[in-house]
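Worksheet: one structure, shown below.
Labels A, B, C and D are assigned to the chains in the order they are written; within every chain, residues are numbered from 1.
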């Protein structure tokens, strides 16, 4: 069922889900673009060498920057058929801050980095995808929002992140209702776990420090695989939301 | 069970829920403050005359203005035991705009007006309430977030409002988990309907223009009554969320 | 807003929610019927003396018995305007039984006692209420389903109860969509807590053995109060579901 | 990642999802058993010839029959690693019956056919799977519950089916919490659509009579594919629930 030469754009450039997606999508024959605030991170430079990904600098919370990103990607590679928004967006200073303590400026920045950037990316993706012809699965394109379990449950001392994660869910729901009948597959994927990554030396971190339980972090290679399967789902049976969690995670 | 002389602060000053709450809370013996961008609206001036409410000017999306509001209310009336966040926050220009068309600046303004203002108000309310002694119902205070059904379902051509409404829900959930064990009752009330109001001449608008069905708009006097009951709920049996809808509304 | 002489029927006759409802409804001027497998329990005999309730014997999982119950209540007191289904239905032998261990016969009995009895009671209540004239709140009647938090979350080693509680929610949801536009207020109330009760000597049990935390069991007098408020809600703003939990309960 | 010679048991033998699953699982090298009340239906006889499936007669609402089924399958083919419960269970006489009209006996039969049979099948599957060694994906087995959108929304004039579908969800949730940490992947799949099937002559029915819109019924071949992917998910990232709906279905 795979299309050849599809263009995939991953917004967010970390060593976890973004890197795993870039590798898998390239291995499947897609032309892959990765956008990050700092595209010169070693993980992305290495992916350029090993998987021929294209790197783009973009502050995804800046409307003009997001417009420019999609224009460049479209000019360089063509209109994307798969766009993944993969930005957590938390300002570190708000971690574990109770409602009475959280800094308002950091709260607004978290909303901007996470939810507003999701809107900006989704808007540009939508505009381009609506002009695509349907592919073999009947879709003009797929937009995947990586999210946290904070999207479905507001945790203690995590108000700003709960706001931002819920907002991303709200956006995805509204878009799904609006765009699925137009042929764009919108998917919301809350990951209910810490996410592992691959070290520079190729070893993997899927284990919490000091624990002996395996698999207590989600392996991003399997997340990437789930995204690929979602992208290839036929429009006869589209999933809007898939919550992914390790077997040992409390449901 | 009512306390005498409790202080209630209503943020948002429209002729619907805010006005009905102000009337009811005052009739129940509370000292009522209403904050609005423009506190000189006729509906508020009239409430000052008839129900002795205090009016305050406040842009609730401005951190410093919200701090100042709570300081003034506390100085004038005392620390509030009941705070209602009653701001819709939609910028008119985004109504019925599809994801491809919505203006990014208006999307961010909607997030700021609705969700960020909810955070700012909730933060100041929390700080003051934590210092209250428990009342007869065992609570140090009640914080009620009025919301829309967009908080629980993202509608078509309504992405920005879905984001803002979901964010408000996420904030409320996180706060409920954090603050209920501290004695603050946090409640999220999505109203699944258009909301009626009272005209200047005292007549009511609870009917959509051109319809003959009665009660197809929610009567804000009954919403105010529900808020009062929620405020007085004993901490032995607190509700976190109540969705209110007219009997003829599609569930 | 209260109607005088309304008839209330409570199905289930325990010393917790049922007894508290019976007392409160009678104190509010309603004529109260309580149905139980064994109507000769001391708690019900006492309520007959102190609050003039009528006691009825009924196995609510038996279709013919439920038909007979409603006929008798209607003949004795009139058509009920408020019916509360207040049956837990768990067969004790399935408590804390894992999926591999639970006895199939007990699982089916739990479904029958809880969900099927809810259907039978709701069916008869619906038939009678549809013939009522609307009351002051615009309703022909109110049907309240007491449920457990197992209705919204399936717990470990609790499969049969999860099935039964979810089924009751499904019934309530379908009925709400069908009957609210007909003027019958359908309400689903999961109680997310152990529920206290009143001892024979009048002392109350709202505290788990061995704990010092107050209010860690839901006080059924406050639950009854919530039911009364729900019953009196105007049809302009009906709540379908209210989850009640003590302030110290984990959300 | 596929295991060779895995045993799959499909309970329910219709020409839609069950037949599509049987074909796909057999094509992937699994040994496939299909259980149905009437195993002599042409669709199953044909699958025996073309895909070497084994056919078993079983009334899945009969505890002894379900025990016997699993014993026979285990003896004939080995312990299953994949079990699909694929029974709708509605008694035709309750279709479109309002709460006041539904026949109580048919309501109980629907609960028994759908939810109770799901429990019986899940219990036997669990007992066998717990003795399996983990496979390449880290799982001892996968149990998939096909369900309807009535599991997540109770529709009008559909109370019995809402009860049965919700009960199945409750069972799945409880089992997921209990069994995932034991290595059994439990998945709940509500299909939010009418489901197509393949006619005897090989043509497909994925279109509602009288419509011109393509894909307005879910294609069971794609549902089967989703089930296979879920079965092969690594335990690092398990999905508990996937709602599948056609692109044109109202979300």
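Throughout what follows, contacts are C-beta pairs under 8 Å (C-beta built on N, C-alpha and C of every residue); 3 or more make two chains touch, one makes a residue touch a chain.
Because the structure is a prediction, the values reported are computed rather than measured.
Look at the contact of chain B with chain C and you find the same residues on each copy: over half of the numbers used there are shared. Chain A and chain C have CA centres that are 46 Å apart.
Averaged C-alpha coordinates put the centre of chain A at 31 Å from the centre of chain D. Touching two or more other chains at once are residues 173, 176-177 of chain D. Taken as a contact graph, with one node per protein chain and an edge wherever two chains touch, the assembly forms a single closed ring in which every chain touches exactly two others. Across the whole structure, chains are in contact as follows: A-B, A-D, B-C, C-D.
Contact residues of chain A toward chain B in the complex are 63, 98-100, 102, 104-105, 107-108, 111-112, 115-116, 119-120, 122-123, 126-127, 130, 150-151, 153-160, 162-179. On chain C, the positions that touch chain B within their shared complex are 138-139, 173, 176-177, 180-181, 183, 185, 191, 193, 206, 215, 217-219, 222-223, 226, 229, 233-248, 250-251.
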